[in-house]
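First, the structure itself, so that you have it in front of you.
The chains carry the letters A, B, C, D, E and F, assigned in the order they are written, with residues numbered from 1 in each.
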């Protein structure tokens, strides 16, 4: 679904690039010229964003034909076709950059997510994202993570309880913070709390914590805390986890590994629209 | 200036994260609690985005005090303070992630741009960006590039003429494309055209091209074309230029080097809000 | 916080009422006339919406002085003052109806919620709302429920898992549905599932359900299911619960009672702005 | 017509409920599953809102088939079908609650309006609404009133002159207020003025008032004022009129009876979407 | 009041001009430079739009000081000062054109309206506008008309009944159309109907028409119809009325003369911002 | 293309006119009535705006059939058909005024632009527009200018460098201002600078100016400056150029003549929708 927020983002994107016209195409192409082409992968990648790319082309001109040739989550090799596009040349060229900008960023996230998922294969750990998404892109970034095979942490501040250091300090103790959350927060939410010592872990569990977040711990510490928890809560680690270190955490026995890098630092993948402009006729 | 499009992006960002409330803070913090803290650099970085971060905090609560302690374009070291923040604890914590997400992405772009600029120091080349920005972020991404010391290519499809392969093919020849652009496009715009051979270069210059774009050429080819052009036009190279290769192009004597990576693949920098929640009083 | 969505709703509201001017005030009041007055409770009520009422007045004219005299969640009697308002007469009268429309609906929800909460006092049950809010008003309606002393069920479709009949039928069994949800959904969410028989209850618990929803059951059935669950899961009842029947459910020992009526059928409370127009001077 | 403001309200509503996805359906239903069903009346009601319900489903997914089976203003009995819906299961379930929330509130208004209209049958009185509509819902609420058979008072502050106590006090007298309005206001608008005594009534008529508003009068007073006006102006009564008292006012001979309750306190009617999820095929 | 629709128009206007920055000022002015100046009338004019001009400057930078020196509706001579402006140079220059574009168009409407009003002085006729306003500018255009001293016809399709040829043809007769309108339309609206013959005029009056619109009639015809109506209804003429012909209509004895030209063809007036850029310090 | 900003303007326009309904059509026309008709030129004109007029009708009701019978830029005579329209009568009449308001203003601009273009035929001069467009209408106004045969100056403050008096004063000299612009501004933009003396002209050229703007000069002065420039830069004149004076400037040998009047003072052209309402059947 293209949500209202996504539609608003598409509008911002088209307005910022095409809102005052395309002086080049208007100067050199006939109004009646048509163009056809294909969006092609130029590197190995995991695809995500085809629906939004299609929405971009069709927002520019509903007469553009867009045929999907690959699906979200699919792994593509250089030369593989993502979709074909056909329509008025000025419209196709006018939408091109915006559509590719969406696809390249989102597929970049899916591709990096897939790499993290591969890195933990065979362990009990699930890779999850964070709220470190590009402002305005939350639902898209998180859908790209899913397309890559990783899972989502909370969608927003209302869809998960996560008690951090500041909350704990303000409450006086881990236990008090957990108890307040269990009493006050919507009953469909588990209580997750950051712990950094075994004592805090014990206190959190005693107060009813259901998920423990180990922030910025070394794999060895994570293993000790997993053992101490002994299955009484889900264990998540976070904090600067990279592709090179993720497996060590996974092998420590944690349940979830969250990585902000999936969404805030995934390099764009290379995709291009190879196109031919035709005269009208 | 926070443009209307930037304000719309801030609204999308706050709505997607905080629109349904913050269940954790509402459950564990008193409504009257206040919080104060500082945004701190956790790595070396070039800063950009302080104005938008401030706008985020103040959009959540106009009663938040935000004091800038560093300026856009400034180079910071780990531990340096970007700004201090003080206000109602729920508001400060509610705005935190969104403000940091803006700052981390934009400072990432500024930081990478600075690295590119450093890499070409002493040559005649200027590093410039492209239209490969995050959809919805065009003006912000390009301002971050400037903060990093690089320059902007065209802002949108209306603020620069760039005749590419497809346009040339549709016109029949480089010369014809350039002539049409000179005749039809707004007179404040130079005519830039993609050329890949010396013959095309000659033809483009004869037709009045003012900027030549060499796309996906090796540095040695670039040098030959620079020599052939002999100052009759500005020369830009583009296409997969990286930090490791940018100097070779600069030494080939080109005037402009455009790099999509500045905006589409800059990793986020590490910044955090270190905060203390206080009881009201 | 006035979220972006709330600001958009305020804009829709002012535009629909005042966007083309106020022909009466413009015809009969001098432009310089000022007005002052007070928003007064005309019945017993629980207040909610003072912040948004203030935002309405100040959106019409930032020069209006609005002084809060009562707080959200407070119980007022006829004649009690909610707030005082002072400013240009045309602006005060132009904002009046919209501000009151917000206050009357939201205080209506808070008032009805308080009545439900009172009705279950002394039991273990917590009254909760549903997603049956006025479209466009979700965050406001749910905040009004909290002001009334009741609690919120999930904020949206992303902040709670609720497996209903249709989902179960599509999965083949209650157990399979619960297992899929535990495997696939964000780990911060408990799994809630609708059950209508003791067999389904057993199957759901065996599969790991954490909350059981008893939809459209009689209090006696609810009691039996509470006993069978024996504390292994939270128990919620829903379905046409009214003020007259809510206590019977509470006494059946359930943990949560959800009532759509809190938000979809709360009558507006009676509040008025008693005002005096003064000549300028 | 779905006006721009209605489209904006639909967008707010879908974004607040579905903008971050539907974790339950995504976890337990296959992406290819389809669903079909019918919106069914669960009580006697007067229908309104079918067009907007359809718009909601189709905004979520244009591939949803929505077939209207009953029309606005129609009286339905329990079990009657409002419309049938068919499409991708996740989309149908994702739109369900929002579409029903619109239908239930709007049909509630139409149903209550019809009851008021029935209550005054055989008299000269027409039941009319007020501006006490849910902020953001003005045009919808007023259309629901019409569907119920009642009439609309002014749409906004620009589409009717209504001189109230404050205006009169500011002008010095009823007569002066009426004269100013006749001189200054758009000529297509009748001048309506609040009067509470026979002397004021005489003064208003002498000054050219075309409609007299009797606010918070007893039926007997209304009758006396109707007689005194003797057809020289339309007579409207307002102020806390209820279903139980409306006929007494109508029998007093007034022309219009306005009731805020039609829009601010109509309980939602009971409607449900009975649905079956199918595997794809 | 800057209504939500006006704020949206300001945002569109600033985004379209300044959304991608001001390359000239950014290239040649220091970021710290300040500027001060005055908006000056360059011709005789009637002023309107000072509030929206101020809103434009302050939307660009809240730090700009804007001091009103003349009021809406005031007649200015060349050299008169409308307002003074002071603030950051880039902001002042960036807002200049948009603010002037609002002022020049709106003052153009006020100026032309004043000329029409002058032309009918001493007659009973009031000059009124039409719905032929610039799309997006309705409330502004109509306020400019009032500032010029003319009056407003209906604000929109909901704030006035105007039965035209097509409606009459669809109803079968003038009388039937008027009767339907009296029966069905909101009771605060007078019934206005287009008539072109004396027979139609009689029929309309008999059916209860309160305003008669004579469309595209010569002054002499207008006079005959005024005489025939003999005060039983307000008489409006419309249709291609110009400054050169408006008095003839006024002298025919009509009550209202509507002229689309007031809003659709008023030439912009000449105003400029005379400014001095200062270094910071 | 209907850009997002144009769609927003259409929404503002429909909401302001039709957002609260059409009381006349709702009162006198049956809901099922249909209407058909044609948009007809009532004077000689150059057409522009057919696409946006179509978008208006279809935004009101997608079931309206709109058939274009003339194209943008076409010269029409009285009686010529622009388009035919067919659909539900209330929808057609509800959209009529807004669609015509767009067409009449935009065709007015195209018509005046054509007149300017005709006036300079046979000279080297091209007529260009300015940024003096109606706020919110930039892209539309400029497209209308092109339809009239004139050319566009810069689209916004980012798509052209134009150094004016204030910039020069702030820089200290014309030469310094030009040098800063060449160094700092995007390389795809030519440097245009205002000059008013031969000395300034020489200095600007020496510094690398590519376009010279002669503001408020007499034709004879323009001729002298053209001769002095001797082809080393494009020459533009601006400042109060009218249809009666434009040829004198063109004959002075300038390259571009910019006229704000094209967009800020073009009178609307006369177009009407001649329509027939039919009963349903």
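Descriptive notes on the structure:
In this text, a residue touches a chain if its C-beta (ideal position, glycine included) is under 8 Å from a C-beta of that chain, and two chains touch if they have at least 3 such contacts.
Keep in mind the model is a prediction, meaning the values are calculated, not measured.
Any chain that touches chain A and also touches chain F is listed here: B, C, D, E. Note: the chain lying farthest from chain B is D, by mean C-alpha position. Interface chain C/chain D: over half of the residue numbers present appear on both copies, so the contact uses mostly the same residues.
If each chain is reduced to the centroid of its CA atoms, chain A and chain E end up 50 Å from each other.
Here the spacing of chain E and chain F, counted between their Cα centres, is 21 Å.
With centres taken as mean Cα positions, chain E sits 32 Å from chain D.
Chain A and chain D, compared by their mean Cα positions, are separated by 43 Å.
In chain F, the residues that reach two or more other chains under the touch definition are 5, 12, 15-16, 18-21, 94, 138-139, 155-156, 158-162, 184, 186, 189.
Taken as a graph of touching chains, this assembly is complete, with every chain in contact with every other. Contact residues on chain C toward chain E in their complex (touch as defined above): 11-12, 14-15, 18-21, 23, 60-61, 91, 94. Of all residues in chain F, those touching chain B in their complex are 126, 128, 151-156, 158-162, 184, 186-190, 192, 210-211, 234, 236, 255-256. Taken together, the chain B residues at the contact with chain E in this complex read 1, 3-5, 7, 138-139, 142-143, 155-156, 159. Here chain B touches chain A in the complex through residues 5, 8-10, 12-13, 15-30, 33, 35, 89, 93-94, 97-98, 100-102, 104-105, 108, 131-139, 156-164, 166-167, 169-171, 177, 180-181, 183-186, 189, 260-261, 264-265, 267-268, 275-279, going by the rule given at the top. Taken together, the chain C residues at the contact with chain F in this complex read 15-16, 19-20.
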